[in-house]
């Protein structure tokens, strides 16, 4: 089951440029929340702050409070590695490990975190691939094929399976379908819909229709600030803020 | 007609230009041939002159005293193996380690310094490395040794391995690292199990090329490994090496030793070409495994 | 780190933020659920690694840093040993060491001039032959040769670099020297003898042989760098020149070579560095006589060769020290030459930026 996320006063910088301004946001457990906004509005930075991926970029830093379930992400005793283990992430471009087979790709997180039980690992790999709706397509070539030999859409589902295998509580998706064709995109969207039964999903997208299709809640970011956050339906029909309205009606961005 | 002259002028220039073009082309082709001739000549001579003297005795016996016919280079073959093993034990880990530093941590002043020093070290003449190994290892140890030879060659391997590792790691896309971090894998584990593994084919190539490069080195061994007419398997004793033996025999006045020098050279080149070919095979396999 | 909200930077009035509180289960509710449904697998992973990544990460970073430091330390150590061990000679002879003509170990007088001369002349000779050949090969491979041949020729040229020096020497003694003695040198003496460069007894072994052998050895160095910088020239430069109605050679000259010239000079200097330090092959074919002769047929001696030949036989501290000083000079010269070459090549290929991008 997923857990909720509570963000308070989150600021982020790239060098001297501030890219997020005091974000406060509560993300519902076991729901899909979409983050939309024009490019450069800080929506990617925002999700990368949730699992402390932001700070892996040189000169980038973040401050504030993020609580994922009981875990204090930026607390003094918190370890970024532990945080990322508990919060899965799917990236914009599919990034399977090219030197590993499909199986090893999915098992990578488990193995590298010191998980050894072979039988349970097989089960987890199968379960994750099934959850990612990839099992039927790859079950005959789990060990034979490299992760890089799959098609783009399959690769992205493989990356989702890889993220799910370590049983995260939250799944962050940073424009997961932006590099994919429409058919693959619809598969991923369908998948996201399934996943919310088990996980809290935060998805960044520049595609408003996609947000409308998959998310119950939508947050609109502009120039590093959270402008409006509400039920998706409300955002797209009767937004409270003028800027939100301008954006969703296509007046800028 | 004024038009005609305007049209014929470029045509005349065209002739000169075409001639120059043909001349340049001919020169380039001739250069390619001229460069390849010595290569083929060297290989041809190695095989023709060397093959006749490669026999069982050559591969299993130690050298006979000067002037006596027969004997072999078995001790030198083993000696080269020992020295290269020591060199690899020193050069490969240090090279890969500093390559990892350059690629994953070295985006700073000190990284630039190390990168530059590695290039400088690569250009230091091997004989100078030999002097350094002599005064750093041989002098304190008070005698020539296989170990000191290995140190000299190991030092020479480091920059090649380091730069190859760096280059290959930088070719690993950052999204791969992010994927690993995103799974909660610590940096050291990501570097070794993900980045280095992804880059492994290229890193192995770098190591093998470094190996091939030092395998035939002679100058730094002259006053480190020194050479030995007899069997020696001890690391702290003077040791024969193929390249040294080829040198000694080639400048000797004995006909039989000249033949053996060719045979030794043939074995040496087979070893080196074998290493290079192994690189080609492993890398192409690696690509097959990695790509679609 | 936590809870530091900067009101100065919050341009948005937070009041506008609409929290969908009704639909969202409270945090307490969430964590209760979490406890009951906690996955056994995840628990196992967590308990086996209780937040233990920091220490190994730090240890790893230190190990890696140490190996990087070792590269730097080795170069410093090499330089220090050379300076330390040549101190005696530096004190005794001072700067005069480098222009003294006399190399007499028995009398204890050491002047390095004949070796410096031999090194410079043989290297210059090698470059004279190698540069046009290398550029020719690089041009052929990058711009003219059929796709199929490209990889093969590049591989063969690189194979030239893989042949050990001692094998070049062996080949030089038994194949090249007789060839020079019987055919080439008599021909040169007949046609170009008047220049004074090709006179005197023809041994085969000598400065000319050393130059030729080194030229063969230096070609792959220059050719591979030239090829690299030529490939780095963007395709649109070629197209721009071709679109002006240029022939292929004009395209190569204006579109490629001109853009790549700094890098090519870098490659040539790198080849020079290789030639200056080359030891075995030269030692085997140059004749090893510390003389300064105008004729290229005459034997000579190089800095590297004298170290190779006399180091283990050097009796007496001063003798050894003088040899190490030659090594030190070689080290400094190659260091400068290589630094220069790297800077030039980097300026073209962008150093590591090329692969970073």
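Just so it is clear, A, B and C label the chains in written order, and each chain counts residues from 1 on its own.
As a convention for this text, a contact is a pair of C-beta atoms (placed from the backbone, for glycine too) under 8 Å apart; a residue touches a chain by one contact, two chains touch by 3 or more.
Predicted model, so just to flag it, every value in this text is computed and none were measured.
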item	value
Contact-richer chain pair (by C-beta pairs counted) among A-B and B-C	B-C
Of all other chains, the one whose Cα centre sits farthest from subunit B	A
Computed distance of Cα centres, subunit B from subunit A, in Å	47
Interchain centroid distance [CA atoms averaged], subunit B/subunit C, Å	13
Where subunit B touches two or more other chains, by residue	186, 189
Per-residue overlap in subunit A, given as positions that touch at least 2 other chains	81-82, 85-86, 113, 166
Subunit C, residues touching no fewer than two other chains	53, 57
Footprint of subunit A on subunit B - complex, ascending	107, 173, 175-186, 189-190, 193-194, 197-198, 200, 286, 289-292
Subunit A residues within the subunit B interface of the complex	51, 53, 56, 58, 81-86, 88-91, 93, 95-100, 108-109, 112-113, 146, 148-149, 159, 162-163, 166
Interface residues, subunit B side, partner subunit C - complex	17-18, 20-21, 23-25, 27-32, 34-36, 38-39, 41-42, 45-46, 49, 93-94, 96-98, 100-102, 104-106, 110-111, 113-129, 131-132, 134-136, 155, 158-159, 162, 166-167, 170-171, 186-189, 191, 212-213, 215-219, 222-223, 226, 243, 246-247, 250-251, 258, 261-262, 265, 268-269, 272-273, 276
Interfacial residue positions of subunit C with respect to subunit B in the complex	53, 56-57, 59-61, 63-72, 74-75, 77-78, 81-82, 84-85, 132-137, 139-141, 143-145, 153, 156-157, 159-160, 162-171, 173-175, 216, 219, 223, 247-250, 252-253, 270, 273-274, 276-280, 284, 304, 307-308, 311-312, 323-324, 327, 330-331, 334-335, 337-339, 341-342, 351-352, 355-356
